[in-house]
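Both of the next two complexes hold chain A, though its partner changes from chain B to chain C.
Then we have the complex of A and B:
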């Protein structure tokens, strides 16, 4: 028993070293996920690897499991079986998951999920409350991001006074404020018109160019998926690269 | 952007709910302050009656109430003649009644009793105390509610007395009381040669233990206590004090339950918002801190309002003519700290479940939920 445990620990350590030394941002090994005690199978034996600085699309129709996979990668949901490593951290471990959310990963949702009573600027600064970033530093980062996303005139506006595209750009600012290495975007263009959706997508490409961030985007829109570095097609809980 | 802002936005968003929580605590604190200050004031007044220009109190051992204590004249003479005694004041307590006023405290005292000299005499003079048979002397408030006039007769119980003086005394109980010469009171209450307590002033305060020892050796059926010792050990005071703390704490606990309800509603109505904070990296302890922060703000506002409201209410009670004099509120730091401890503890206890629930919110479920 002791010997088996030692072997397992050594294998895990080797795997961690392998990932840390490599250029891998996200690794998903034999991941299974179901709901309602296995009655609804969402993901079956999913395997994939995403390199740092890549723009990746998880493409599939609604209900295919792409959002679930994204949530598992970000530690928002728990896996039934398998192993996920995101930014060298294990999302199933509580402490590592916290570190992941605070410093390594930024989330963007289809419905922006901004707090309506706060201004755009205040919403963007929420993640800084979880880190030791100084106030001047967080202000500096906010100004940079606001400038990059073209929201200078909207900084002190409340969320209800912003358009859908502005809200989504604000959500991007919030996701980037702690300088994460990975952005997980769940249908970021899903609630936007075609033109605004294209603007948001262009913004992702700009981010990768300027900040070398990995972007994993769940989308059902083929036109955006085709412009990504890598496409993983999600269908009936199975994932395959195309 | 700071953490406090996140606390305040929710309180501001649900103003009515926050106000209900604040009101609950405010009413609890005000009720507790009222009960405690009135009872403490009453105890203080009674202590004041007993400690009037004296160091020690002598009374019958193992009596449940000083009204039932009996010390006979032989004992009084012997104790009064002890070498270390400078002055001694016997008091016979009794309850008298008149039409519409079934309970009036009566003090049977001697002419040398310091309260006669210390009182402001509105009518009559302390020099004439004892000079008339069936004479009675009234506190000014007692004179008011008995509608008694100086030198006129009043009916007390089955007897008629002549009002030979009206005194204004600072102590509310005394000012609402009836004073009789000791002999008259003993006759009236059928307790010839007996008094309730014997107040002793010593020549030197350091001879207290010797005095106590001598009295207890002479009369094992008597208790001798310093005024402070008596206050601390008198069971009636203890019962009153404990009851007032218990009633007050119950009021505050109800306020705490109101806060619990407010916070539960707060958590349920902002599951999505909490989920967003968790997604942004908030730890469980930060989420709990958010809930406790809201609670603390509510309890601070409620306590301040409650203390102000309680003080105003007590002063209002003091001005009610029928209660005038019976209520002499007493505020002290122990009461204020005690109330704040109960208010904060009950509110924080009330926030435990909402805080725990909030910290358990799974972001993905909450984001899906609304």
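Then we have the complex of A and C:
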């Protein structure tokens, strides 16, 4: 764990308390975010806490700020004011942010973007190339995921030869291969039809449950939000639990 | 369309003829045939085709944007700017044909680019035409590429940081990418939502390409220093890798990659056909992977 260098004394004390309270995966305190020098106000005074292993939904209409909040939690963008702690790390600190993105959080967008002329196995292993996971270890994880998603006999098929449902399952394997502690999922089933969307969501839910991963999922669909442990409604820059 | 076809089109639309002064003619021909990646032309072609825009119009826009790009490269390399010697593996235009020819050629490229855009917009509804005209002015004029180049030159004497790098790259590199994505999209008609995500996407790509460029400069400089300590003609140019370090540059690329995927995902939600943008991101990832590999060897 990196030491805290740039924070104030009080922040240090708060953090010590938090780290002790180690069942918290993500906490967001009084966070404000705007764009274009304050002209576009996106989030105002947002507060939330997410426990380890929880599956929570950020639910809100288009443009409400769901993606912005996920980006802030994952250290992709900077906050104007407030404090965020993700996996005991401070995304505003450069070194901690690096650790966070490399080893703690995984981002999932729509479950697509597989490379058509590579095989299913090759596609799933791509994320492991930029980490320090050994080849045997990544093989082991791949086999485990492939089995859990029932894709054993498709491993060496090229993506372009797979069905739509198989591709979605492959994308889930790819998303989980690095064993992230926290997954930030932005409308993972966004481009799917209703039935496939539900099937994929159930499978996803089963996998993260088995692996005890914390998931924060942005969605505008009530039916997916309702299957989560908690729902945070994002509206007019405010976030409230419902 | 493959890369040879693009250079053929660049030559075809330039309307070279025997009346042109021989030095200038040769410079034109060499410049139009220089081997580039044609990323802008390919983006336009891709977006244009998925929106089923008339091929003639797509070609004209694509060639036009490549002309702007070539003109900017020639100007960039001049002794009063970057003072570069090589470009795309060959001597720079001003090195072979002289500065005056290089300046005239860049003017010819810009003029022809405007003429082609004008031509491509001829039958478009007035609102869309005004929209595109304004966009071009924003991207290429005093708020866009010209300003980026001015800042780039000014920052050499001053402090260089990730913030200044970002603002320069947005003006210099993202501008033409933004035009490439937005012109065909506006012709066909897009929502404000799509437009906003396309703008973000061009910023992310612009920054990412700039980091990749700096990274490969950094690596080849390192290799050259080992072989020959005299060669170091890029010492004047601010380089992000030298400024913030290798690790942080790679980290910044990783951040941009996730944001790019996020932007593409938002676009795909509105129309499936935006999925074709993934191809460009995959290409960029592959390029990044090979440069990172090379840097490990170096």
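In this section, the second predicted complex is superposed on the first by the 191 of 242 C-alpha atoms of A that agree within 3 Å, B and C clash if a C-alpha of one lies under 4 Å from a C-alpha of the other, contacts with A are read in each partner's own complex, and residues count from 1 in each chain.
Convention: a contact is a pair of C-beta atoms (placed from the backbone, for glycine too) under 8 Å apart; a residue touches a chain by one contact, two chains touch by 3 or more.
These figures come from a predicted structure and were not determined experimentally.
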Fit or clash - chain C, chain B, common chain A: clash
First (chain B), second (chain C), both or neither touched by A:187: second
Chain B versus chain C as contact partner of A:174, first or second or both or neither: first
Which superposed partner A:98 touches (first chain B, second chain C, both, neither): both
Which of chain B and chain C A:109 touches, first, second, both or neither: both
Which superposed partner A:76 touches (first chain B, second chain C, both, neither): both
Partner chain(s) touched by A:121 [first = chain B, second = chain C, both, neither]: first
Which superposed partner A:129 touches (first chain B, second chain C, both, neither): both
Clash-bearing segment of chain B relative to chain C, given 117-125, 207-215, 279-287 or 315-323: 279-287
Chain C-contacting residues of chain A that also contact chain B: 71, 76, 98, 101-102, 107, 109, 113, 115, 129-130
Parts of chain A lying in touch with chain B, wherever the complex brings them together: 71, 76-77, 98, 101-103, 107, 109, 113-115, 117-118, 121-122, 125-131, 138, 174, 178
Touching residues on chain C, where the partner in the complex is chain A: 193, 247-248, 251, 254-255, 258-259, 261-262, 264-266, 268-269, 272, 275, 278, 281-282, 289
Of chain B, residues touching chain A in the complex: 1-3, 5-6, 9, 12-13, 272-273, 276-283, 286, 362-364, 367
Chain A residues within the chain C interface of the complex: 62-63, 67, 71, 74-76, 94, 97-98, 101-102, 107, 109-110, 112-113, 115, 129-130, 186-187, 190-191
